[in-house]
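Naming follows writing order (A, B, C and D), and every chain is counted from residue 1.
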């Protein structure tokens, strides 16, 4: 049963980004959200290496290795952009000046804990980057991840098994089959793909959940993967 | 017995400012030292409101109220100057990037404690400004003050009576009659006006002192007060 | 909707400011005082304010109008002394016990505000150790240096003066106008800048001194 | 004597660097890597270094040459993983227990370096609270937020890349080159910048991004 592809997940997250906000998009699927903002929403994308106002990726002939985002992509600047040093960039992040950060994740727990930095790949060195800072500093933290691992294990859990990135911070999760809020009462499913039943969802989720009062189908236009 | 006047005290302090250093001069007599640097010494004067490279005071017709130093004087910029915000300015100060600060003082103790911010003027409000930051942050702290109060009481003391600006930080004091170092062994007089005897100095000083091995007369060219 | 942080007047820029607000006022030595906004705050009339301002009573700042108007409960500053020979309004109120005053070393003042804007709840500094201004504060020796624990200052409103703003709220300051402005803007929930001029075109990225992310409202007030 | 911080070569810029030095290396994502200086440090040969660098093994940085050359005892970084499928030299040494590694969240990394240059011995931050990276660290709840105590990082040498330097050592960076450079320069006893070009004329005050007060040596290396 195929779920949403990467662009479709990013599209769904992008719909929830409010007009006039400052948003930080993590490496991987999250950064794709910038391509899918609804028309008319004027948003500043901040990248933790200090770019305030990341524009579209640079065309090949315009790529400038001095103008990169936190994912080392060569980018452009949007109108009104500026660039600050790393200290100032993380002061902005930690100080609550980022309205939303959208991050990739391995696991999210029903109390808002999440894990996205140490997947315990054998031998490979650790890499935390700015994830912990973003998770603690942004006013809202959203996660994007496949609902299940390749082996089929749930990623939405009562408690994370992998090393935590931050405690009690994730508010919303966009998976390939559902949109799930995290509330004081735990997971609340807001949207679910029409061809996935609630029972199927329960089988694929590692913690209890309730359905939102306005629970509805997860509708996303088909997009190229 | 008249001692050095304000410009003469500032001149003497200026002779000890090394070439290529970064120096912060306090309000009052210290700031006069910038007029008396020996020729050929290239010094950056930092002012704690963020001006790095204060030049001479602005001519009346060039005065710009947006270009002031920490004493609210309208100033010019020297070649190579820049201006930073107060946070960065005090990071520079606290972080040990100022080679020397020269500050006015009410009292200096033989252990390096000094008092220069609260003279207990009846009714007037307190004013600390950047004195505590400079005293703790600069690599060397020098004080300039009259050797005695108007009433004749000593200002060089075993222990300060007035509220402290900082503990154990003053290294050298320029008074109207002497140049005094502060060492682990207490006050060490390096220079003394020729017409002041060591006994007279002792009578006017509130703590024991020794004479430096290279003790010598305090020689200053006559300058207008 | 295209971001545009310009508002029509200083009065409009005060909308929503409430009694009891913690208000940052930038400016040092005659540079960067947001005097148009300060007067608008006086006219707005919010009371029981805590002012966070380098000098409680600088002669070139209109801060004293807020104090004289009875709107201020407490001042946090590095200077609380006027240059005039007698007592300033602030000093008279202080003497009469009618206003609170917290005296903070200027660098600690700046750093506490920065900390407020940077999400650092507290820090250790060697400044003020062993002095009256560290009385009652926790101390600790770190790597042989005696330090004082200082806490962040956050607030509700920041009043800044800058030279130019674009519609995104990006700011350029003239010379020493910058002083406490950037730190204060980051530490305040609502940051307002009065500027000589606003412009539609974005300020060039390398000329921006404070990102508009930190600024909520700008108002052009002329030179 | 007129201040002039320009030196003739990257080798000359390494004069006095000693074994055991704590070395900051700026750069992020391909922007601002001081690769000419890194190679000069390799040729200089100082050993037992502690590298303070955002990524231990970024593919566009020559940091790995210092590691491969056996000059590095310890790395403090937010990233210690290469993009290549196998193990980088650093990862192999780490696996073999032949190099020390301290993993620090990137913002805490930046703030600890800033603290080193700003005379703040330690600070509390909510970042990393409750995670493995806070293990063994003192914690405290401040205004309801759980925090970790973090200490400043100071060092002996900083290697920066910028665009232009004047003879005073004032720097202008291109775009995102700036990243960790300013903080690292302030935290190091000896700060060296490689730049595309140097100039006799001072950089205009409003264009300077890092004051030459923090820079000891600059060397022009071309684009």
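Everything below uses one rule, namely that a contact is a pair of C-beta atoms (placed from the backbone, for glycine too) under 8 Å apart; a residue touches a chain by one contact, two chains touch by 3 or more.
Predicted model only: the values in this text are computed from it and were never measured.
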For chain B, the least number of touch steps when starting out from chain A: 2
Label of the chain whose CA centroid is most distant from the centroid of chain B: A
Comparison of B-C and B-D by number of C-beta pairs in contact, larger one: B-C
Centre-of-Cα separation between chain D and chain C, whole angstrom: 33
Interchain centroid distance [CA atoms averaged], chain B/chain C, Å: 29
Whole-Å separation of chain centres (CA-atom averages), chain A against chain C: 35
Chain B residues counted as touching two or more neighbouring chains: 83-84, 90-91, 93-94, 136-137
Multi-chain contact residues (two or more partners), chain D: 111, 114, 118-120, 125-126, 206
Chain contact graph, described as a line, ring, star, complete graph or other shape: other
Pairs of chains in contact (touch as defined earlier), listed by label: A-C, A-D, B-C, B-D, C-D
Residues on chain D engaged by chain B in the complex (per definition of touch): 1-3, 114, 116-120, 166-168, 170, 186-187, 202-203, 205-206, 208, 211-214
Chain B - residues contacting chain D, complex: 19-20, 22, 40-42, 44, 46, 52-53, 77, 79-84, 90-97, 136-137
Complex contacts: residues of chain D adjacent to chain A: 28-32, 54, 56-57, 60, 78-82, 87-88, 90-91, 94-95, 101, 103-108, 110-111, 113-114, 125-133, 146, 174-183
Chain D residues touching chain C - in the complex, by the definition given at the top: 111, 115, 118-126, 142-143, 145, 147, 151, 172, 206-207
Interface residues, chain A side, partner chain D - complex: 48-51, 64-72, 74, 83-87, 89-91, 93-94, 113, 118, 123-133, 136-137, 163-167
